[in-house]
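Take a look at the following structure, please.
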């Protein structure tokens, strides 16, 4: 599971009156790609929450906005793990439209017990699937 | 608690590339007004969820969109109970900008056990506060 | 183009602390299905806005919430025109999870000049493609 | 206009099934605070877009998520300019709940011609009001 990518269509809901995708909404797209990356690795976030009482929470986002996505665009959102720790993940992500880099991001996540915000070790098979 | 109203400022997040507030977002404003109506009556939704393991869920929305709200507008969102049943609420709501009616809505809610979607009776003091 | 359907995956962004999809977000799904229905008919909303200076605006929503969608669900969102007028559309829509009807809706739209909220006739080929 | 702050109430729309505010939604709060900071300085974003055909676009976000905001919380969102350039703004922002720092962020914005994503100089009186 070195990396993963998904396609995202831009709808009215994603845009704002400035004519482009609203800046917070790119973070929704990034999270969809991370979710699909885990699903492709065999893990469902809903199972993780129910069975392990655990969730991934974002600890840090660095995002550089290069070019705006527009209504109707089909963009590609990528997800590539840079570091897989015991309870910490660092992931390189991007949003592209064909050859154009629209957004680059580094997202740091922690695996925590649901409702407690306290880091706990990821199960071995989850870590293995990510590497 | 016959009725309640709140002011809502329109931000970029609320708009879309069509130049107006995105149609789904009015439902967020309606819910804010219902929440503040309950708060004014002495009830916090977070307490209700934690202490009673119960949530209000929307069963039906009828919304008529008359005029669009625009970036920077300060709109008034109203909430007036039409019917307070044992586990069912019917609420008349509106979004206004000064004298103009932007949106009128009737929202039907059920009081259900959290995670089960099964109607349960509202506590007596909650019903009393709504009437 | 009698009807159209799309699949929508439920992500964290769609849910709320009540454990289910937030009620306003179903309207985002309905709009995605309408957009894809038009795309399948050969029309892009972004082209319509740019070339015709026109947008579809929602005039009325009636939505019945039967069962909640949950994190990780793959739901089907349908779109079936009930009435295609000169500047008015009435569309039957639903959100389903397998055999279960989660939400049924009737959405009325108007075709208006962008920025003016004034109904204008849809181009003939657009109306034809919808019927 | 050294700094500005606003209060934001957390509603269901802001939360997710993990029980906390969804990570992208803090960026909506940050933008509300920036908008109110400009309004307090005498500038409306809608006027800027209409009269100057210009918009502020976000170029970079660095956000550190320390503690989650919860349903019903009243949080304070701050906005303090670190650098006011000719077409570039760097702003320190935070989300606090009483004494607790929930989120710290540095947001870089550019002033661009609407629809072109090309930096243009901010009007003198706008820059002056920010400093």
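Lettered A, B, C and D in written order, each chain numbered from 1.
The rule we apply is simple: a residue touches a chain if its C-beta (ideal position, glycine included) is under 8 Å from a C-beta of that chain, and two chains touch if they have at least 3 such contacts.
Note that the structure is a prediction, hence the values are computed from the model and not measured.
Looking at C-D and B-C side by side, the one with more C-beta contacts is B-C.
With respect to chain B, maximal separation of chain centres occurs for A (centres as means of Cα atoms).
Rounded to a whole number, the gap between the C-alpha centres of chain A and chain C is 26 angstrom. Taking each chain's centre as the mean of its C-alpha atoms, chain C lies 31 Å from chain D. Rounded to a whole number, the gap between the C-alpha centres of chain B and chain C is 22 angstrom. Of all residues in chain B, those touching 2 or more other chains are 12-13, 17-20, 24, 28, 31, 49, 70-71, listed in ascending order.
Residues 9, 11-13, 28, 31-32, 35, 44-47, 49, 70-72 of chain A are the ones that touch chain C when the two sit in their complex.
Taken in their complex, chain A has these residues touching chain B: 12-13, 15-20, 22, 24, 70-71. Those residues of chain C lying in contact with chain B across their complex are 17-20, 23-25, 27-28, 31, 49, 55, 57-65, 67-68, 114-115, 117.
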